[in-house]
Structures are given as structure tokens and as C-alpha cells.
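Structure first, then comments.
Think of it as A, B, C and D in the order they're written, each chain with its own count starting at 1.
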Amino acid sequence: MAEVFIKRDLPLVLIFIIGILVIIEFFFPHPALSAIKAELGTWTVVIANVSIFLGLFYMSYAQYRLLQRQKTLSGYVYFITPFVALCLFFIGAAFPGYTSSPQYQWLYQNIYRAQVAMYVSLPLFYCYYAAYRAFRIRSIEALALMLGGLLYTFRQIPLFTYLCPPLHPIGEWVLLVPNVAGGRGAVICVALASIVVGLRTLVGKEVTTIEVR
Amino acid sequence: MSMSEKTIWDKIAELDIRWIYLLTIILIVIPVVRPLGIPILVSEPVKDFYKTIDELPPGSVVAVSFRGSLGLLDEQEAQFIALWKILFQRDLKVIFYSPTADGEIILDMHLGKKVRPEDYGKKYGIDYVRLGYAPIGEPGEAAFALDIRSVFPTDYKGTPLDEIPMMKNINSWKDIDLLIFQYTSCTDVEIAIRQWVVPYNMPVLTMTLGCCGPMAAPYYPKMIKGFLSGSIAGAELEIIGGVPGPGAAMTDAKNLGIFGLIVSLILGNLAYWGRRLSKEGGE
Amino acid sequence: MSASFWEILGIWVAVFFTFSVLSFLWKDNPYFKFGQQFIVGVVVAHNILFAMKSVYDNAVIPIMTQGRWTLIIPIILGVLMYTRLHRDYAWASKYPTAVLVGTGTGVMITGILRGQIIDQAKMTVLDVFKSSNPVDIFNGVIILIGVLTSITFFIFTKEHKGPLGISAKIGRIFLMISLGANWSGETVWYLTQMTGRVMFLWHDWIKRAILGIG
Amino acid sequence: MYNWENIMIKSGTYWDLGLLVLMSIAVYYYMRKAGRGEKLPSIREIPAVDAIYEGVGRSIELDKPVHFAMGASGGQLYSSLVSMTLAALMLLRHTVRCCAKLGARLIVHVPGQTESIPLVEGIARDAYLEEGKPELFRREDLRYYGYSSTAFTQAISDSYARDGVGLNVCVGIWYTDCVMPLGAAAHYGAMNVGGTARWIMAYAFAMMTDYLLLASELYAAGAKVSDNPYMVASVASEDIGKYFVILVIIIGVILMALGVNMASIFAY
């Protein structure tokens, strides 16, 4: 009985108390409540950051099991690569200035930034892939999606607005009128659903927070 | 017609997608190497963006909340460089502060290198101030509006704000005439709305990525006076402000690259409808 | 202005990793795999370094200098997260999770009521009466219709038949146009990024690092 | 000295409070109905829910694993997107149960937030246990790649290529990181099921998935797969909120037309 309470019910009570506190503070911003809320904000950041080494553990474990299945030269290379990168960045941060040291910034800019900037452009090709493979105009909805997309694309590419100036206001209209209408409807419904999930969580009926053993 | 024989539609449908990838890359490379120089029209939000700055009385104080991201710099660099030039050309007092670490790095890369304030006769501490980086989230933004010194007691070099001539009489939102809010996470526009527009009715301009344009649009022109989204807005600002920069070349390159999309769309649908209609016709 | 050795080396390193990502378009290959494994290590290291600094700034310093001893609690709660690794004590990780979820739920509920529901409704009403210009009124009415019908599309407990069916169908069209606009905005953004990369390769790599001009 | 003004309701939050109270009453009403075992309104069909089961079967036929991902930043527990994390976790539970029932291998790509890992592992373990097959849970199939969408998407795409993919479920909080996994999975012949409630990225799912969870359908699907009467019941209360918003808009327009200044009324 007591075991069930400690292992299952007490965390739910905790969720309820903390959640209600934050909500009450929003409507009745008493200084004491606001102080508690600010403290909670710090707590969440600290908890999340203290748990950071879990990531290292899970990454290492998956790498290790992968190596066990694939004990070839390439297997070893793939196994060791992340750890080499890890050490390299730790060394970079060992210089004076921690993560602001010029050494760390050099690594960060030339390795991480290059990867991020390239990765952000890759979806372009997958969008083209989707347009070619998956996107078939076989219903009025698909037509609407394509029209919305193309008209706004034309507005964004100067060549089209140069060749056909009316495309500019038309694209702008798509952005500011039907796009706003559809987006607003979706956002309102998502927000309502989120509130219901929130209330469900507060009263301890959200399965994902109850059942975890 | 035997079953094994492939029609033209089948061939189109089974085309190796990598040809389209290659075509796209070539289409992007051409204008980068040899710019085309296609004219650009300036859109309403950009016109209003420029007008708001242009109409500020001399000596006005402009705060730039700069949450730049290095990985996404390509998209916004044209906007930044054009804006810095426009701000320095005018008689304005500019305060830069960075809620992201990357923002500070970008300012280091730009001010004094790509845009030199001295060329416009501007002096640090008198015409502009950099407060540096502090990981302030939304609560920090609210605190900044109420009391700048509570968040940034010193500038980026560690000089106390009271020792900087320009900052003498600048303490809170009351002393700021315009906020320029730059962000890369689309929903961050609401931070500006919640912390500056709603409580203080502060004139706010925003700068963001192209993909965040649709999210910023509903707030314009009531709550935000104008916004820049994407490198094309940067190119437009270069034109309307008369400050040439990298945006124009970039926009040029997009002119051709988009044809990859149009080709894929046409080929995909041609294959689909061709197959379908020829099947219906054959039966 | 001639570039320094480190600058040139940096460009070559950046080019190496740029092509490693790009090579996936051709197919999955060892070069891509190497870059991918490397970046996982980079990111984990970066996260750990920043997390440690954050714990130091947000908890250790306030405890040492201001005597805010309550901040020991989140450190202990954070450590409890690691109990998940042992099956018998895994339940203890529910406590830190509860603090996070409780705070998150409260923040979420209070954060979205106005911004995402009431203000959206308000703007929909006010858009119709923005000005007496017929174009503005027409646009406002379109937005009004779009918002109302797209909400009806998301009604789950009534079957979409009769008037509700028609309304949901119209709503779906508005939703699709909005999806299309977002798709276009994002695609053009990716295109810009790609252009930026090509410009980097052309100006920094080929012109500066290889040819030594510019 | 006590400042009593501070205990008064903050001005400008009357509407918020009213809406919250309304939603609370609606949730309470339907949950009480569920508690008493009374008949509840049925939720309309969401094809993506059945598609997950079907896709797991397909994966077994093809002898390929099932992949599940919630986004590189899909483990947000203390931000205003927590509800999406919880809904995605419900679908994780469902996917695990389908896999356990049919005997498919499941690879879960864990989001970047380390604080969400205990919850993810707990739910996966629980779901295997519920199906009576705890031995199928393998920790190495929870893959972690750091908190960065770059590393995350590349690693997922690599995993599709290396391990193969029969069914790919992508649900939860997705940013730009969704395009590459969805495209790569389609390229490797997977069935894509997924969706996000972040409207800005929903387009990628609309274009690239075989079965779509559009915006708030994600939450409804999460509740539907729970087999928990309280969860299902609460979905009905969402609709009360929708009727309320529709009503407010219509009344607002009528009042505005009659000359009432709604802007000031909404400011309360």
C-alpha cells in the first residue's frame, strides 16, 4: 500500500501541486507565489542539466552493442569516432575561456556550423523528392495545397514577380488571408487539445505519467 | 502492347531522382558564379520596416534584441548587414544585446569588419553600445524592459553601464523609441508581442527566417510595424535603403534553383496522369 | 587581406564536413557515416559542456555565494534521474520527472490560453472590421469563414455529415492552402541555405583557399 | 506590509480564467461520465491509428525493424509543448505494444533532452511488460544522438540505411528535422505514419506520410490508443472548447456589427 503510494501516487500528487501553483500564480501574481514559480524555473533547468550524462551513457551503450555485432575495421572506426570528437571538444574547452576560448570557437564554427548549415539545406532535396514521388494532384485538397504553395513561391522568387508583377500581390494575399485563416483554426484546436492534456495530467489521468514503473 | 514494355510515362516515373538533385545544384551554382541581376520588388512589410526606421526623429534610441544563430546565418546575413548600415547612416543611438551566444559571435564578425561604424562617423559608447550575451529567455526580456541594468549591469567588455556616456539616461523601456527584435525560432515572435507590445505598446520591428514569415504575418501591421523574413527581405532592404550587399546575389541564385522544384512537380504529375489516362484509354 | 593558416585550415575542415553531409544525397556511404558519427560526438560534448556550465552558474554559484541551499534539491532530483538505469530503483526517476511535467503543464496551460485561443478569436473578429475598405472587409470575411470552417474540421465527436460535413470540407481546403504556404516558405528557405553553402564553397573555398584571391 | 492588490486577479486575465474554468468543467463532466461507465460520444475514425498496427505487420513480412522518433527536441517536459511530448509518448506505447504483439523489432530514436530519457524508457519497458514480453526490451535500441537536429537527422537516416525500415513512425515536436527522416524513410521503402501539432511543420507530414495525423488529430490519436476511458472521454471536452470559440467569434462579429467595441471587451 505504502509502496504504491510512494512509487505511483506521490509523484502524481507532486505534479498536481506544482501545476496548480503555477496556474494560480498566473492569475493571482502574489509575490510569494511568483518567487516559488521563479525558483521552480531554476529547478527545472538544473534537473535537466544534471541529467545530461544519461545521454552519454545511452549513446555509448548503443555504440558498444553495435560494435559487438560488427567487429570489423570499419566497425571499430565507427565506434571510436564519436569519442574522438568528444575528446577533441573537451580539449578545446580546456583552454582558458572554456567554451568561449578561440580554440573551442574554431572547432565549433568549422565543424559544427558547417554541418548545421549544410544539414539545413538538405531538406530542399527531400522537398523536391516529395514533389516528384509523392505529390499527386488527384483531389481538390491536393490542388489547394499546391496552389497555396506555388503562389507563395512565385511571390518569393523575384524572377516570377519580375516577369508577371501581379504574382506579387496574389502571393501576399495567399500568405495574409487563406494561410492565416487555416493556420488560426489549426492553432486554436491544438491549443484546446493541449489544455485538455494538461488538465488530464494534473488530475492524474494521463496514462503516460501514471503507468511508468 | 506487352506487359514488359515500358511506356514513356513509366520511364518518367522511374527516373533516378538524383538527376533532379544534380540539376538543382547546377542551377544554383550558375548564378553564384555569374550573377544574373534580375530586379527585385520591395514588399509592404519591408517598406514599412524601412519607413519606421527612416521616420525616427534624430537622436532616437533603438534597441536590437539579437538572437542570431550561426548555423542559420546564410538566411539572414543580408538583412543584418543592410540593417547595420541603415542604422549607422542615421543619427540614432543603438543598443545591441544578444540573448544567444551565437548572436555575440555574429556581431563580432560584422561590426568593425563587414560594417565599420567609424566609416559612418559613429563612436562606441556615444552612438552605439554592445551589452553582450546573457542567456535571458522570455523572463529576461521582461526584466530588460523594466530595468536594463538588472540584466546587463555592464557592456560586453565589462564596463559598467553608468560609465558609458550614451547609457547615462537610458534605463528602461521608457527611454527606448524602437525595438528591433531578431529571432530564428518562429514562435519567438510572441516574446516580443508579450513582453514589449502588449505591456508598453512599444513600436517593434522583427527580423526572422523566410520560413517564419507566415507565423509573423498575422501580427503585422497592428502589433509589429514591419518585418523582414528571409534573405529576399534582406535583398529588398538593400534596395530600399540603398545599401548594396550579399542579399541580391543570393536572391539571384534562388531564381534558377526553384526550377528544380517545378520540374519535379511537373514530371511527377505527368507520370501519374499519363499512366492513369493511358491505362483508362487502353481498357 | 591574406588569410592565416588557421583560417585556411578551418575552411578545409568546414568543406570536409559540408561534403560529408551532402554525400548522403548520392547514397549512404562511409564518408557520410564518418561525418555522422563524428557530429554525434561533437554534439554530446557540446551539450555536456554547456550543461555543466549551466549547473555551475544556476546552482553551484548561488549555493556558494548567496547560500541558497534549496538549490541542492534540484541537484538531488537530477541525480535521481539516473536511477532509471537500474530496474529496481527506476521508480525514483518519477520524482524529477513529476517536477518537470508539473511545471511544464502549468506553464503550458497559462501560456496558451490567451495567445493561442483568445487572441486568435479576437483577431478573427477584428479582421472583419479592420477598415471600411471593401477589399479589407472581403479579406476579413474570408478569414472568418476559414477560421470557423477549419475549426469544424477538427471536431471529433460528430460525424462529418450534412452541414458539418460541408463545413469541414471547406475548412480542409483552407488548411491545405495554409500547409502549402508553409511548405513554400520552408522550401525557399532551404533553397537560400543551399545557395549560402554554394556561395561559401565558391567564395571561401575555391576563390580564397585554393586560388588565393578575394 | 501586505499588498492586497496583489492577491486580486491580474487584470487582463478574465477571459483566460473563464476559458480555463469552462474547459475544467467540461473535462470533469466527461470524466465523471466515464467513471460511471455511461455512454460516451464516439471519436471519429483516425486512419493513422490502425495504420501503425498494419505497418508493424508489414515490417515483419519484409523482415525489417520499425522505427519510432519524436523529434530531436521532442522530449520537452517543462516547456509549453509538454502536451505534445505526452501525446507522442502515448503513441510510443501503442507502437511498442503492436510490435510486442506481432514480434517486430523496434528502434526508438530518443529525443535530445536527456531529462526525457527515463520517461521514454519507462514507457517502452512498461508496454512490453503489459504485452507479457518484457524480454523483448533491448536498451541498445534506444538510440541517443545528442541535442541537435543535425546529429539527430543524420543518425536516423543512417540507421534507416543500415538497419532497414519497414514502418517509420514520426510523431511529436518536430522542427526542420522532420523532412530528412521522412524523405529518407520513403526512399528506403518504408511506410510513413506521423504528424506534429506544430502547424509550421505539418506540411512535411502532409506531403510525405502515407497516414497523416494533422495538428490536433495527434492528441485525439494519443487518447484513442490509450484504451483508457478517461482519456477517451476527455477528447469530447475539446469539442466543447471548439463550440465555445466558434460561438465567441460569431457573437463577437454580430456585436461589432451593432457597434460594440469588441477590442476593449477582449482586453479583460
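Methods note: a contact is a pair of C-beta atoms (placed from the backbone, for glycine too) under 8 Å apart; a residue touches a chain by one contact, two chains touch by 3 or more.
What you are looking at is a predicted structure, and each value in this text was computed from that prediction instead of being measured.
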**Fill in**
Judged by C-alpha centres, the chain sitting nearest the middle of the protein is C
**Complete:** When C-D and A-C are ranked by contacting C-beta pairs, first place goes to A-C
**Maximum centroid distance from subunit D, chain identifier (CA atoms)** = B
**Prompt:** So what's the Cα centroid distance for subunit B and subunit C, whole Å?
**Reply:** 16
**Prompt:** Between subunit A and subunit C, what is the gap in Å from one C-alpha centre to the other?
**Reply:** 4
**Request:** Could you put a whole-Å number on the gap between the CA centroids of subunit A and subunit B?
**Result:** 21
**Message:** Can you list every residue of subunit C that touches 2 or more other chains, as numbers and ranges?
**Reply:** 21, 24-25, 33, 35, 39-40, 42-44, 46-47, 81, 84, 90, 94, 96-97, 100-101, 103-105, 107-110, 112-113, 117, 121, 123-124, 144, 147-148, 151, 154, 175-176, 178-183, 185-188, 191, 193-194, 196-197, 200
**Fill in**
Contacts with two or more other chains occur in subunit D at residues 13, 16, 20, 77-78, 80, 82-83, 86, 112, 114-115, 117-119, 122, 145-148, 150, 154, 176, 179, 184, 199-200, 202-204, 206-207, 214-216, 220, 235, 238, 241-242, 245
**Asked** Which residues does subunit A have that touch at least 2 chains other than itself?
**Response** 23, 26-27, 41, 44, 47-48, 51-55, 59, 109, 112-113, 115-117, 119-120, 122-125, 127, 129, 131, 133-135, 145-146, 153, 156-157, 175-176, 179-180, 183-184, 186-190, 192, 194-195, 198-199, 201, 209, 212-213
**Request:** May I ask you to sort the chain touch graph into line, ring, star, complete or other?
**Result:** complete
**Item:** Parts of subunit C lying in touch with subunit B, wherever the complex brings them together
**Value:** 25-26, 115, 123, 178, 181-182, 185-189, 191-200, 202
**Fill in**
Residue set of subunit D touching subunit A in the complex reads 3, 6-10, 13, 16-17, 20, 23-24, 27, 31, 77-78, 80, 82-84, 86-87, 89-90, 93, 110, 112-115, 117-119, 122-123, 125-126, 129, 139-150, 153-154, 176, 179-180, 182-184, 186-187, 197, 199, 202-204, 206-208, 214-216, 218-220, 222, 226, 228, 230-231, 234-235, 237-238, 241-242, 245
**In the complex, subunit A residues that touch subunit D** = 23, 26-31, 44, 47-48, 51-55, 58-59, 61-62, 64-66, 112, 115-116, 119-120, 122-123, 125-127, 129-131, 133-135, 145, 183, 186-190, 192-201, 203, 205-209, 211-213
**Fill in**
Within their complex, subunit D touches subunit C through residues 13, 15-16, 19-20, 41-44, 76-83, 86, 112, 114-115, 117-119, 121-122, 145-148, 150-151, 154-155, 157-158, 161-162, 176, 179, 184, 199-204, 206-207, 214-217, 220, 235-236, 238-239, 241-242, 245-246, 248-250, 252-253, 256-257, 262-263, 266
**Asked** Within the complex, which stretch of subunit A touches subunit C?
**Response** 6-8, 10-12, 14-23, 26-27, 39-57, 59, 74, 77-78, 81-90, 93, 98-99, 106-115, 117-125, 127, 140-142, 144-153, 156-157, 173-192, 194-195, 198-199, 201-202, 209, 212-213
